[in-house]
Amino acid sequence: MLSFENDYSCGATPEILARLAEANTTTFPGYGSDDICASAKAKIREACGAPDADVWFLVGGTQTNQTIIDAITPPYAGVVAAATGHVNVHEAGAIEASGHKVLTLPHHDGKIDAKELNEYCATFYADANYEHMVFPGCVYVSQATEYGTLYTKAELEAIAEICHAYHMPLFVDGARLGYAITATGNDVTLEDLARIADVFYIGGTKVGALFGEAVVFTHHGDYSDTPKHFLTLIKQHGALLAKGWLLGLQFDTLFTDDLYMRIARHANEAADRIRATLRDKGYTLTFEAPTNQIFITLDEPTRERLEEHVRLGFMERADETHTVMRICTSWHTTDDQVEELLALL
Amino acid sequence: MLSFENDYSCGATPEILARLAEANTTTFPGYGSDDICASAKAKIREACGAPDADVWFLVGGTQTNQTIIDAITPPYAGVVAAATGHVNVHEAGAIEASGHKVLTLPHHDGKIDAKELNEYCATFYADANYEHMVFPGCVYVSQATEYGTLYTKAELEAIAEICHAYHMPLFVDGARLGYAITATGNDVTLEDLARIADVFYIGGTKVGALFGEAVVFTHHGDYSDTPKHFLTLIKQHGALLAKGWLLGLQFDTLFTDDLYMRIARHANEAADRIRATLRDKGYTLTFEAPTNQIFITLDEPTRERLEEHVRLGFMERADETHTVMRICTSWHTTDDQVEELLALL
Amino acid sequence: MLSFENDYSCGATPEILARLAEANTTTFPGYGSDDICASAKAKIREACGAPDADVWFLVGGTQTNQTIIDAITPPYAGVVAAATGHVNVHEAGAIEASGHKVLTLPHHDGKIDAKELNEYCATFYADANYEHMVFPGCVYVSQATEYGTLYTKAELEAIAEICHAYHMPLFVDGARLGYAITATGNDVTLEDLARIADVFYIGGTKVGALFGEAVVFTHHGDYSDTPKHFLTLIKQHGALLAKGWLLGLQFDTLFTDDLYMRIARHANEAADRIRATLRDKGYTLTFEAPTNQIFITLDEPTRERLEEHVRLGFMERADETHTVMRICTSWHTTDDQVEELLALL
Amino acid sequence: MLSFENDYSCGATPEILARLAEANTTTFPGYGSDDICASAKAKIREACGAPDADVWFLVGGTQTNQTIIDAITPPYAGVVAAATGHVNVHEAGAIEASGHKVLTLPHHDGKIDAKELNEYCATFYADANYEHMVFPGCVYVSQATEYGTLYTKAELEAIAEICHAYHMPLFVDGARLGYAITATGNDVTLEDLARIADVFYIGGTKVGALFGEAVVFTHHGDYSDTPKHFLTLIKQHGALLAKGWLLGLQFDTLFTDDLYMRIARHANEAADRIRATLRDKGYTLTFEAPTNQIFITLDEPTRERLEEHVRLGFMERADETHTVMRICTSWHTTDDQVEELLALL
């Protein structure tokens, strides 16, 4: 059956599989101390325009969020996130399991607002009893967000400014970063992100890799240094892959010849075509989102009709008679699949 | 200066001090294994009409909330509470520090609503991805609430019913339980609470004791047994007092001759008089609350005038020109103090 | 340079790579809910002779140890392990980070002794103050151990008996289980293990897979059920792989045509040949170990001479003038590599 | 029955009770922000000869150990302690529950040795895999130790030197500090301790107070500053007493007219008399310890005979026919009690 259910259903780009086959019998040192990891890190630093950045490879998103947030948030503090943020809703309490509260702000199509962040912090420190409360210790945003929306450069800069005014690092979850950077209308480049964020990651799992997230500590200011003994912290969180070279190999491939951006752009183009048709046909797009995730609000008959032929992602019940569903393209979406979906719509 | 700032400013009832002086040179076994603790537990069981209940003594509120919630909440679950609940706002992240998320419901004058709780749980289990989310594992309410309001018996019963339908214990924070039970119009007796709640505590710190909270596991159903090796869990949370008899002695005194209820009623009577005058004088009562905490919304000139003569508690800014302040009576509030305050108003 | 440094240096068996290439463009549901995982689990259950067993796939060893131990150990308890156990020494505090103490027993060539375990527990419960101490909550052993040694069936049965007498599950870390089962002289089959242990895992990372550990809850007694909502617990520990089918695919391949055992036996045969030569040449074998790890105590000149030509693993300084080094064969060790090493010796 | 079971059986010095009665109706601000706490802190700083020291009051020993160790130990590190240390054996896993491993050194009559500490650290950092292990992050010692023994000034200085060489604070558990400082032959004054240790506490629970431990961050070097937002950390650990003035009042009294030292010396003198008689009568003293705890190794008939008339503390079985028991004097031990015990011996 046709599936636009999510962007982590298939394996990896053929380039990665080929490279893997090639490297399979080489003897690598463990835990990421190999040459391919070094090469991948160099390429990422270059792509970020951040020669001082420090790059690490982890396996998956929740693991990465948990490990980073626990490492950069002081023990008396929590992480500020949108109420809809992945760390608040869909990580089974991984953040709290490592001892930190998620402090929520209202979301606007999945995004937090710099002014509301400022107000939150100002109110916190103005409270006579703030020492009895959980300090805002770092800020988590996703680019793209859980709703496929994007922060503009100005929005991210405004958030970063508030973060630093309140001595907090800004952490950007880039599980779908490729789809963000190559989206139509996006104005935040990888270099911008490396300049604005204190730490972020470049998602591989959803963008061409079998698995893997490349964490970048940007080392450009007071809040962006790698936490002390970060390797040990990764290990302590059960997140250190023995064959770290598998991660390096994938990112080294993705950051060769712009592969990462090329395959992400491909997914966005497919999404753009689907969005155009949805608009033409009068479908309700739930959010104005330019990336590979398209949310549509469907009445039940339409939903049932579509789901006979194509697997979509369930988002939430909108009301008694409508459901929000997700159409998700991916680096591996083919033209045929898009055509087939367009025909269904 | 006159103070109605809070209800934990003074020492203990004279009866407790006398008893303490008397017992001071007796040699007691440690950690609550003494006869006075046994006697106090028996009296509490009797007052609760709960011969099977299991009683424990801890030192303070946050400590008690942390220890109980950690002990009764499964590792894959969090605690459901009002967004304004003490555990969510004013415990410095103690709940998350022991690994559990606080799952918030909207509050209605500090209270959660059984229907909204039901809806929350129903929506949770209806979500296709609920296994990736934090399970609702127990429910926390306060009687009286942080805003001095009270649950009715019907409200508590409705909440308990939902709790049990979703296999959750109902935990009632009774830091101000005395003031709740003896409030004008309250219909929830100690026996009712012991019948409805799975675990609750009877606050001593704010009601006549130097310190101490008496935890009652009600042992009346599937969710109200004492957690296994609870003494060890108390110790592990740093909450086991070496001289446990100090706690037993205080509760044994408070539960002799109805002292606990008598002194609580005294505070409520003082609050009732103040409330009557506030209403007469046209003050804005922020909440309809019948217990020892009175919240009033004051304009700045009035607040400044009052604060020249009496210490009040700060609650929050209401808007640009108004502030919510708290007048808090206590077991040790004297008639003279009340008269002085009424004169000021 | 020739390397016998460890058994996680290379990729995967060619069968796995081929299968991966084949499945690469298939659309799989996420998080292990796919058909290949189901197939792999069925094969593992069959190989274990345990039709009721429950199988889960995780990514790496420390992660697996942390997740399982946290899930099966009560909050008032710790895990009993050899002082040399991986969880005690080489996991960066992952067990303690999830709140549990590692309670250590002396080791005998890496193994714990049933009698000493019994004595430990008996002493614990005989202590008047045991409620102030950390309860023994589960027992962790490795097969093969960190020193390459093996428990006999009788030894494991004796340990399991003590475990159950004290209401503890027996957890067997099988990161190198293939090398254990196929070792010369071993008398513990996979079926035996599934009958004796309460939970164990079959290591893939070190035995033919790119990564992956197959956890088996044996479901044969009071201590071997899967913990409630284990998927959520895995996610909470950051250990749930989005593309779970990658794990299923590898184990499905390894448990087809006895591949797992065949490649493990191959490594042991290489080790046997090396051991024979070492003995012939008068080298000191540090432990009597029949698996793929060979520890030798070398004087400095010999160590330096060898390390010019072959990479060995560092174990520890034996004394001022000797070092314990590890020769580690693997499923990918070639005859040529063995010959080359033998020539060096 | 006569009891020498422990030093936390009775209430408080009469001076404290009198002061409490006096202060009972005063209205104090909460959480230690009152004038009596300020006065007590000033007196403690003066007694320590440490004008820059920062003083905090907590309720009990395990709570204090847990809160301090969690606050001063980096997340990638554990606390080094004697295998017999209270934090390793008798705190129900409180240290691990807050995420840190206890790294043990062998004990010598309850004490660790600076040379062995140095060797431990040197070996740790020399290990090629130390980043996979738990770093030594701080050092915990008790003065007096669990066996009643004392570190000499030279021993403590040597330990502190090693601590600082490896960037670790030295934390001294002074639950029985009064008995240590006033013991015959002791050469470590309070001033010495404040100069040598980075953080320590002055025990009240066992030395004249109802409860309470005064924590001193000595602020004299790189490792002795108060952790950031320590009040919040105390609250998060459930260790912040609402009526903090109760703690201040007790320490203010104990540090007036040298009361703390006077009552401690009294207990030591009683112990000295008992020790002299024990030696005269040929009893076996298990340790050479000069403080208020006396350990004796008794054969069964003697133990049974004594326990008919006096309650002693159980320490451990020494062998098949002997038990180590504790005679514990205290600030409230009377001459009559001593005479009665001597008669029994």
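A, B, C and D are the chain letters, set down in written order, and residue numbers restart from 1 in every chain.
As a convention for this text, contacts are C-beta pairs under 8 Å (C-beta built on N, C-alpha and C of every residue); 3 or more make two chains touch, one makes a residue touch a chain.
The model shown is predicted, which means the values in this text are computed figures rather than measured ones.
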item	value
Chain pair with the higher count of C-beta pairs in contact (C-D, B-C)	C-D
Distance-maximising chain from chain D - centres being C-alpha averages	A
Approximate Å spacing (C-alpha centroids) for the pair chain B, chain D	33
Interchain centroid distance [CA atoms averaged], chain B/chain C, Å	49
Gap in Å, rounded to a whole number, between the CA centres of chain D and chain C	42
Per-residue overlap in chain A, given as positions that touch at least 2 other chains	76, 91-93, 97, 99, 131-133, 232-233, 235-236
Complex contact set, residues of chain C against chain B	70-71, 74-76, 99, 131-133, 135, 228-229, 231-233, 235-236
In the complex with chain C, residue positions of chain D that touch it	76-78, 89-93, 96-97, 99-102, 126-129, 131-134, 314, 316
Complex contacts: residues of chain D adjacent to chain B	3, 5-6, 8-12, 14, 17, 20-21, 23-30, 59-64, 66-67, 91-94, 97-98, 205-206, 210-211, 232-233, 235-243, 246, 332
